[in-house]
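Shown next, in structure tokens, is the structure this report addresses.
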């Protein structure tokens, strides 16, 4: 027993984060980041490795968080406390796993119906309130005139555009005459929405890229022994080498990109 | 109504004198009632009393509560005497009728007595204080309990009933007679695309996206794929359907085969029309990109559930000069499709196209209920804005309140 | 002439990638220091709302973003925490997104270091563990939050904590803020905001920002911080420039690049078509 | 057997759905107690649901390795990635901070998960730029409107764009930021709200179908 404890101590000791580990972390982060960006040049093994690591790491993270923050306190501690009623949802939850075994997969239905019924019952009145009643209320509110003339004009534009968009998505009537005109105006309101979404998406994606570049810049410092520079150099070297070998092998044909 | 002439001189006096010093004597608190707060889980009381008016300006009203079993007055709340008019109460007109010149307040007793599951008998009294002067009411006893219906949510409840009834009506109707759905303009573009592919002798690519079979856009996409496959079989063009999800692929194989059978071209059907590429988002996009780049198809269809890969797919199709028809329910991806494709089915349009082609009663009825919902919204918005504008124009405050309260959450 | 233009249009996209990389990286090495003016209306609204709360109000922060949206949302969350602490509000932080726990831990690490060293855990703020099934958690928050959050993330009982004094459900709190890159803010509005009449505000990515227009117009959301620009706005409002503001230079240059590219390519297209 | 396999699950779905729906209109303590109980249960049941994704990921990559499909070697990295998070988690017993310093779990998050997850989505920035140049075409009046709105957003959100606007169109006395604000609070609201209505009714109808057992695709095949 003591032997096992000693082994565990030694093992856990390996995982103590020392300053050296922090520098290695910089290399790790810069390396993984650049491996993924190397996909922009072309698909390559480094990208594939990073991509698969990402899949596994994402799942691993969710697993450990759920284990320590949900299963342990809500199920294990509760059972130790003598609250055996938590066994019912636990069994229902575990029943979902029978899905993978076709012969007994019907057991998973008990878990699923429990989740689906609950979600469906909860959502109906809330959709009615939040996305239905209150949106109608919000559309007509400016007409009460409390917020001045321009608010009323803007309110009228919203109400008009809103109705036109609804006409565009109205499928029970053939589109001709007034209906067609209204739905044609509606599509321009949709375009303004999509345009704004487009512009904002551009900004959003750039922000994410900026965030990663900012990190790369941090790891390119001397404190991290120029991790970014070295990894980038190695990747470039790989691609140059790859190109030389590849061009010899199949007559310089670059795969489609 | 009678009170106003009585009050007027009084008001005038207080207005004059309040600048200097409020009158030392407070008016008495009258008409005090206590009751259970309706439409809640218990643990709250509704107190109402006559508004003391401006004679009580600057005074504070304190509320005291006591348990008759262990009598001891505890202060529950205090507020300005002028505040808490009944018409400010956040309850709609069908569940609350405010009287002029009355004040009301909802008070949580659970802070003092905890939340009891059974009815609870309590005494309440009000005390008004200003400086040294004070006035107090007689205690009133009432029972606090949980209620079985929250009348304030009646608007929501009725709408829920209407939608449920409408839904079952359309389901039964769709099963018996079918329902009318207008022609979807985007579907006409399919003919054009396939005609062009036939002329050029180049293949057609059709992607159902990265959704699972249970998603509505994927279901709609398979219906549209059936239509495309029928046309393709008719003109004897080449069709290629790269897949992300193996289950969707199995379904699509059946759909395409069925279409070829319907057009009496089973001999031209090949099993490799549908093929599996990858169930990783970016790998899928990269492989399909490569294929489109190499084979230069005449037309590309991207119809179904798409996420970030929409950008990669639509770009390569556009640069190779294919006719592109796209459709997705993902709002964030629609701008990219719209700018780089020739025709785009937007959200519900995609569902409608699927329902139109499949004639599936379930899909049709959903679409129909959605149309009823939209019609209701259109009528409500038009009627509501006219009524509100009229109310504002003629100064009918009650009308404005009624209309506004109908479309609120409680 | 035409063929040159056509070639120019079909330029190897890796050259464009390179151009973007340079344009984004340059200001990181050499900051331009462009002023961030014209603060967004919705950002100012959320700032004013927090300012208007009496000191000691309980603010619930649901930080539901993972590393994928970190550059946009992390600065927002930090700015909100700083601002709330400065006004001596109480903060309850929790998450409904498992990937966010590391982000929250980073904030927890920074609070005693540089965000608000004077604030004490358990007295001024508390961090709850991750819980699955957002709808169930949200619904329970309106009834009795201790049914789910009876312990903090380290297993300490929360009921006795000073920070939780007088708090049983969202009805006892002053404001809820959800910072997320997913659709969870919609759920917060419906499941908590409208159901329990609880004031909600949010911080979202630029991608989803336009979608919240309707909720802002009806007042279902008291305010909204959108993307890195929103974070930069908030940082200027509380006068603590940080990661959000430093990104604005890069964004500026990259935006100009996109505009130039779109306009050029469409002009080339027109030339090819009509001349 | 169909009773156990089909009817009872559907009945559970109906009962749970109906009671949960009613709880919105019924404020009584009985309904609150029910909700409290079911919320706690859902919380736990759903805590196991992510295992579905985990196991299917493991199975599919296990099969790739077993069958030696092309590129099977990469599948090993899925397991390595998983262990890179889980092993440190058990060593540090779920704690990311030890006092003020990082534990190995915190390290794994900051330098591995953060880098991977953050980078995966930032790649899209590059594609947006290249697509903007090579594929975005003003083909119709609708697309033109979309583009104008997009360009205004792109210019109006950053200081450099605002300066350019002031330089070129400053004489109009209209700030581009004001146009952005108006765009976001008027036409965008109209467009988005129109889409929301259909989605809301669609969600309600789907929920009704689930409660009444008409929609049962989630139950799998018989």
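Letters A, B, C and D mark the chains as written, and numbering starts fresh at 1 in each.
Here is the rule we go by: a residue touches a chain if its C-beta (ideal position, glycine included) is under 8 Å from a C-beta of that chain, and two chains touch if they have at least 3 such contacts.
Bear in mind the structure is a predicted one, so any value in this text is a computation, not a measurement.
Relative to the centroid of all protein Cα atoms, the closest per-chain Cα centroid is that of D. In this structure, the chain pairs C-D and A-B differ in their number of contacting C-beta pairs, and the larger number is found at C-D. Centres computed as Cα averages put subunit C at a distance of 15 Å from subunit D. Separating the centre of subunit B from that of subunit C, both taken as means of CA atoms, is a distance of 23 Å. With centres defined as mean CA coordinates, subunit D is found 18 Å away from subunit B.
Within subunit B, the positions touching two or more other chains are listed as 153, 156, 160, 163, 282, 319, 331-332, 335-336, 338-339, 347-348, 370, 373-374, 377, 409.
Multi-chain contact residues, meaning those touching two or more other chains, occur in subunit A at positions 39-40, 51, 55, 58, 61-62, 65-66, 69-70, 118-119, 122-132, 134-135, 137, 139, 141, 158-159, 162, 166, 169, 190-191, 193-198, 200-203, 205-206, 208-209, 211-212, 257. In subunit C, the residues that touch at least two other chains are 10, 13, 17, 20-21, 24, 68-71, 98-99, 101-102, 131-132, 135-136, 139, 194-195, 207, 209-211, 214, 217, 229, 251, 254-255, 258. Interchain contacts join each chain to each other chain, per the touch definition above. Those residues of subunit D that touch subunit C in the complex are listed here as 24, 32, 35-36, 38-40, 42-43, 45-47, 49-50, 95-97, 100, 106, 109-110, 113-118, 120-121, 125-126, 128-130, 132-134, 136-138, 147, 151, 154-162, 164, 175, 177, 181, 184-185, 188-189, 192-193, 196. Looking at the complex, you find that subunit A touches subunit C at residues 40-41, 58, 61-62, 65-66, 69-70, 73, 118-119, 122-123, 126-127, 129-131, 134-135, 137-138, 141, 158, 193, 196-197, 200-214, 217, 257. Per the touch definition, subunit B reaches subunit D in the complex via residues 39-42, 115, 117, 146-150, 153, 156-157, 160, 163-164, 167, 171, 213-214, 216, 279, 282, 308, 311-312, 314-315, 318-319, 331, 335-336, 338-340, 342, 347-348, 351, 362, 366, 369-370, 372-374, 377. Against subunit D, the residues of subunit A that register as touching in their complex are 11-12, 15-17, 21-22, 25-26, 28-30, 32-33, 36-37, 39-40, 45, 48-72, 74-75, 86, 88-90, 92-94, 96-97, 99-100, 105-106, 108-128, 131-132, 135, 139, 154, 157-162, 164-166, 168-169, 186-196, 198-203, 205-206, 208-209, 211-212, 215.
Contact residues on subunit B toward subunit A in their complex (touch as defined above): 153, 155-156, 159-160, 163, 179-185, 280, 282-283, 286, 289-290, 293-294, 331-332, 334-336, 338-339, 346-349, 352, 367-368, 370-371, 373-375, 377-378, 380-382, 384-385, 388-389, 391-392, 400, 403-404, 406-409.
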